[in-house]
Amino acid sequence: MITMTTTTTTGTPVLEATNVTMRFGGLTAVRSVDFTVNSGEIVGLIGPNGAGKTTFFNCLTGLYVPTEGTVSYKGTVLPPKPHLVTKAGIARTFQNIRLFANMTVLENVLVGRHTRTKEGLWSALLRGPGFKKAERESEERAMELLEFVGLANKRDHLARNLPYGEQRKLEIARALASEPGLLLLDEPTAGMNPQETRATEELVFAIRDKGIAVLLIEHDMRFVFNLCDRVACLVQGEKLVEGTSDVVQSDERVVAAYLGTPFEGVPEDSALDEVEAAEAHSATSTTSVEVEGDQK
Amino acid sequence: MNTLPQQLANGLLLGSMYGLIAIGYTMVYGIVQLINFAHGEIFMTGAFGALTVYFYILPDGTPMAVAVPLMLIGGGIVAILIAVGAERFAYRPLRGAPRLAPLITAIGLSLALQEVVRNFYPGADRARAFPGLDATHDLGSITIKDADIFLIVSAVVCMAALAYFVRKSRTGRAMQATAQDPDTAQLMGIDTNRIIVIAFAIGGFFAAVAAVAYGLKYGNVDYRMGFLMGLKAFTAAVLGGIGNIYGAMLGGLVLGIAETLASAYIDEIPGMQQLGGQSWANVWAFCLLIIVLLVRPQGLLGERVADRA
Amino acid sequence: MTDTKTTPVTPAPTTRGVLPLPTAAARPLLLAGGIATAASAFLAWTWTAEFPGDLTINGYPGGLQWLTVVAGILTVLFTLASYDIRGLGWLLPARNTAPLVLTALGAFATTWFTIIAISVELGGLANLEPGGWIAAIAAALPLLGALALPQENTGNAKETFKASIAKAEKIPAPAAVSPWIERLVITVVTAIGLGVFTYGIDTEYGELFVGYLITVVFAMWALHTAGLLDRFSRLVAHNRSFTLAMGFVAAIAFPFTQTDDHYANIGVNILIFGTVALGLNIVVGLAGLLDLGYVAFLGVGAYTAALVSGSEFSRFSGVQFPFWASALTGAAASLIFGVLIGAPTLRLRGDYLAIVTLGFGEIFRIAVNNMDGDSGPDITNGPNGIPSIPDLNFLGFNFGQSHDIGGFTLGRFANYYLLMVLIMAIVVLVYTRAADSRIGRSWIAIREDETAATAMGINGFRVKLIAFALGAALAGLAGTVSAHVTYSVVPTPYQFAGSTPPNSAFLLAAVVLGGMGTVAGPLLGAALLYLLPEKLVFLQDKSLLAFGIALILLMRFRPEGVIANRRQQLEFHETGQLDVPEQRIDDTDDTAVSVTKAGA
């Protein structure tokens, strides 16, 4: 189906995060996390709500500028700009699906191809043969991906009109369109029923078989331990344990911090509220505004 | 009388007027992330409300000491009614709509308010005389009018009252909570709709205070006065850090002083001889806005505004 | 989608009309009434020719009466189609009654508007001839018939009426026809469209224009509920380039249909206004950037062109650029200003851009007012502007003179009109090509969700700046022509709000009213917004008030504008597509919600 431009052998590190720390005002959401994902690996990131998983994801993808530490992809340090991170080869999905709701399924995937195409305004206006060729190729690649996730027959539907499970699939297809070497999935099975979760599991394996390393955040323990070669547990912004499923599953600290509580979310969890409030308060979001002297 | 202290005083006065109007922008923006583009027109209707009280309700020859408080009340009522009505009927139905929708509504509202006044208020198609407070006082090297005293006193009183209200009262704290996170605030039992209405009402009243001060100081009002004043007050709010009420006042003062000094002294800079004077003041005010956005986009008292997605 | 239902024409046992008349009488009444209405237009309605259009002649309709004829005939046609008359079936593909009701309403409204206008303007009902009374009664008949049409009756008169004018839910797909027939249909429709539009521009008095608007609105509404507009837009989608070409042929044909250069002047002004609105649509409709000072870019272009036009009042009166050079200079100057304004602000939230552009518009107005040598540098001649801009001269073709082409005389404005058609063609081409490309998709993506777009590798700042600068350059280009058309440039048109177009508020209103993100929308919006104050002199004073209120209502009730763009059409009208409401599922939600949706 899709031929990967970069073929990698298992073992070489794709993503290396060193000493990543993220502070919002007085609150430290992520504290000195070292983290590696190797090529061909599926790595899971677990932790109770408010442990800083999504914040860590946002640091990896350039949405947040880490207070300290660096993130590098295949040996090069990534600049903290989301579009450059994607260009380098890291694609992501969002916890609360963020599709382009009023674009068609095909267009959504075509937007994902943005970094792998170059046609600018002039070429769009003049419509030379190069432009047509590039558009055709993009469309072919996008259709391959839609077939891969099983949405080819819905290419002209608006993204907003897809059922929930298909929206998740589309988001993954859109991320794959940027031809990443590493795919970050933020709770890919949130809100799914068991069958859909099974299907997603197979999809993730299929992605790995394409030679793309996968890092995922998930609350569904069975899903994580079935799928992942390696699991890391984040608690209160710190990496508590890292290892194979068995190791993490049987680690007492993890059980205490996490598995002992119902993992569908603890509303009273104060850490969650704090992090959310802090993020809402001082997220760097899409603007490149530097956060300075945040009053609290 | 164009000494530096006089210019500074002029700037300070102009700035406190900007600041009073800017409070309305900043409070509404802080809570619902909406630029209430029609706020300048609310300021304008406040002026006409006060004018109505003076010319059509009070008997002729009412002493100004009695008239001014009543005009404040009249202008305040008009401005509050319009501000709250705009929230209720124009903005509230659009909550959750794409961001462009309320902005366009606000533009429509601003045009409609201007035109209603122009078409239906007697004599409002050109400047209408407003009772002035023109008695002057010499304070050393500066001269100020009674209207200036009214302006500065009311600005200080309003700011102090607002600061007290926001910090100490229950509603004020609820307001802070709503600004932080409307959804959570609602879950905590705060009636966010009420908070939003209160924010609009306070903004409206402050605009009316500024409007009365404007009328007393300049001696006339017209249906277009809200456009430029609103624009510059918004500039002041951005300058100070939008969402921050102290920032709004500070931004107003900085803008007022910068504008006054620029129009007084910029023509002394070689090469800019012809760019001084009142006619270029607005240009410098906007240039200041652009520079601030470039250098410190979060404003002087920068509270960052998050992308709540 | 909607809770209203349209009932088939064949009466179901539980249905009856909005009015308690025998349902069997409904369609005969419609038919007879329609014919009677059309026929009554041939009578004299009033005794004096004081009412414009001369409605005093028996046997020959005048002015507004023609509109009654058209509305009556439309009613008859739709009624006949509902009888399954061969050859008319295409008018009512869904066999719903709504078009009947709406055409009847249209005939009624057009006729009664005329009757009331006569009575009011001439001072009383006494001014009506018997023919006028007959027309009033005849026009009421089809309405009675329409209201007696069988309807699913909910008992609530208002609800039932709403149901009776609802659009058909399912429109059967048209039978496949050869592409040549499709093109023929497009050609015919374009020709009719040109005719209707030309009639509107040529209306000589306000009453006729209002009557025209009433007729056209009801007719379009009827066509919409019948599903014909959907069918046509599908045809257009199949033959995009052909339709575009036909559109331009029609646009070029317009001045040849005109005998009076005054109407060509209106035409050229609409084109300038529409072109600028289309440029604004790139910025607002595609990229979602609210530009409130857009008219300033038009002003920059106009002033630049005026300065290098060779006008003796220009600061550089010795300089006279050829048109292509001054057009490029104007566009480039606007582009530079666009980048200067955009670069600092496009990094920030969109709201800031709105205010900064508003400020820029204001700076522009103040600056051109002051740069008269007294209160500022001597560049723009202040409030007096730069007059006596010479006419263009293109390869020996003087735009200022009349030319005879194939028996038609093209006056000065007709010449500029044709030039403007060319400019608009460029802008339409730029718009459609840019929208359907990598860069256009990234604009829409940024508009939809900026965070997600940057996470897909889009450099938000860069693509927004391109959109902003492109929009500015196109406005500047249009400005260079407008400087020559109007002989002079003065500061007054280039402000935020004013009672006549173009100004930034009108431009925005044109885009929003017509439909953001479409090509036809802003052009239609611009035409309407230009013609309304032009034709309705009494409205000129209140036009801004009306626009303000219209903007508020529009955002509240139909934010997508008159012409919804393809996305909204897809959203509602694509066959077999569910309108699944936007779902928001938090990670703490239980899975029950999605289980119900687990069709995948």
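We call the chains A, B and C, going by the order they appear; numbering starts again at 1 in every chain.
Operating definition for what follows: a residue touches a chain if its C-beta (ideal position, glycine included) is under 8 Å from a C-beta of that chain, and two chains touch if they have at least 3 such contacts.
Note that the structure is predicted; figures quoted are calculated from it, not measured.
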Note to self: Suppose every chain is reduced to the average of its Cα atoms; which one is closest to the average of all protein Cα atoms?
What the structure shows: C
Notebook entry, point to check: Going by the average position of its CA atoms, which chain sits the greatest distance from subunit B?
Noted result: A
Notebook entry, point to check: Distance from the CA centroid of subunit B to that of subunit C, rounded to the nearest Å?
Noted result: 37
Next item on the list: Please work out the Cα centroid separation of subunit A and subunit B, and write it as a whole number of Å.
Entry: 45
Checklist line | Residues of subunit A whose C-beta touches two or more other chains | finding: 98, 285-287, 289
Next item on the list: Note the residues in subunit C that touch 2 or more other chains, in rising order.
Entry: 347-349, 449-451
Item checked: Set of subunit B residues in contact with two or more other chains -> 297, 307, 309
Margin query: Show me the residue ranges of subunit C that touch subunit A in the complex, using the header's touch definition.
Written below: 347-349, 429-430, 433-434, 437-442, 444-445, 448-461, 466, 470, 567-568, 570-571, 574, 577-580, 582-591, 593-595, 597-600
Check: In their complex, what parts of subunit A are in touch with subunit C?
Finding: 49, 61, 63, 81-83, 86-87, 91-92, 94-96, 98-104, 107, 110-115, 117, 119-121, 123-125, 127, 131, 134-135, 138, 150, 156-158, 160-167, 169, 174-175, 178, 187, 190-193, 195-196, 199, 219, 264-265, 267, 285-289
Checklist line | Contacting residues of subunit C [partner subunit B, same complex] | finding: 284, 288, 290, 292, 341, 344-345, 347-352, 354-356, 358-360, 362-363, 366-367, 369-370, 375-377, 449-451, 496-497, 505, 508, 512, 541-542, 544-545, 547-552, 554-556, 559
Checklist line | Complex interface listing, subunit B residues touching subunit C | finding: 29, 33, 35, 37, 90, 93-94, 97-105, 107-116, 119, 227-228, 231, 234-235, 238, 274-275, 277, 279-280, 282-283, 286-287, 289-290, 293-294, 297, 305, 307, 309
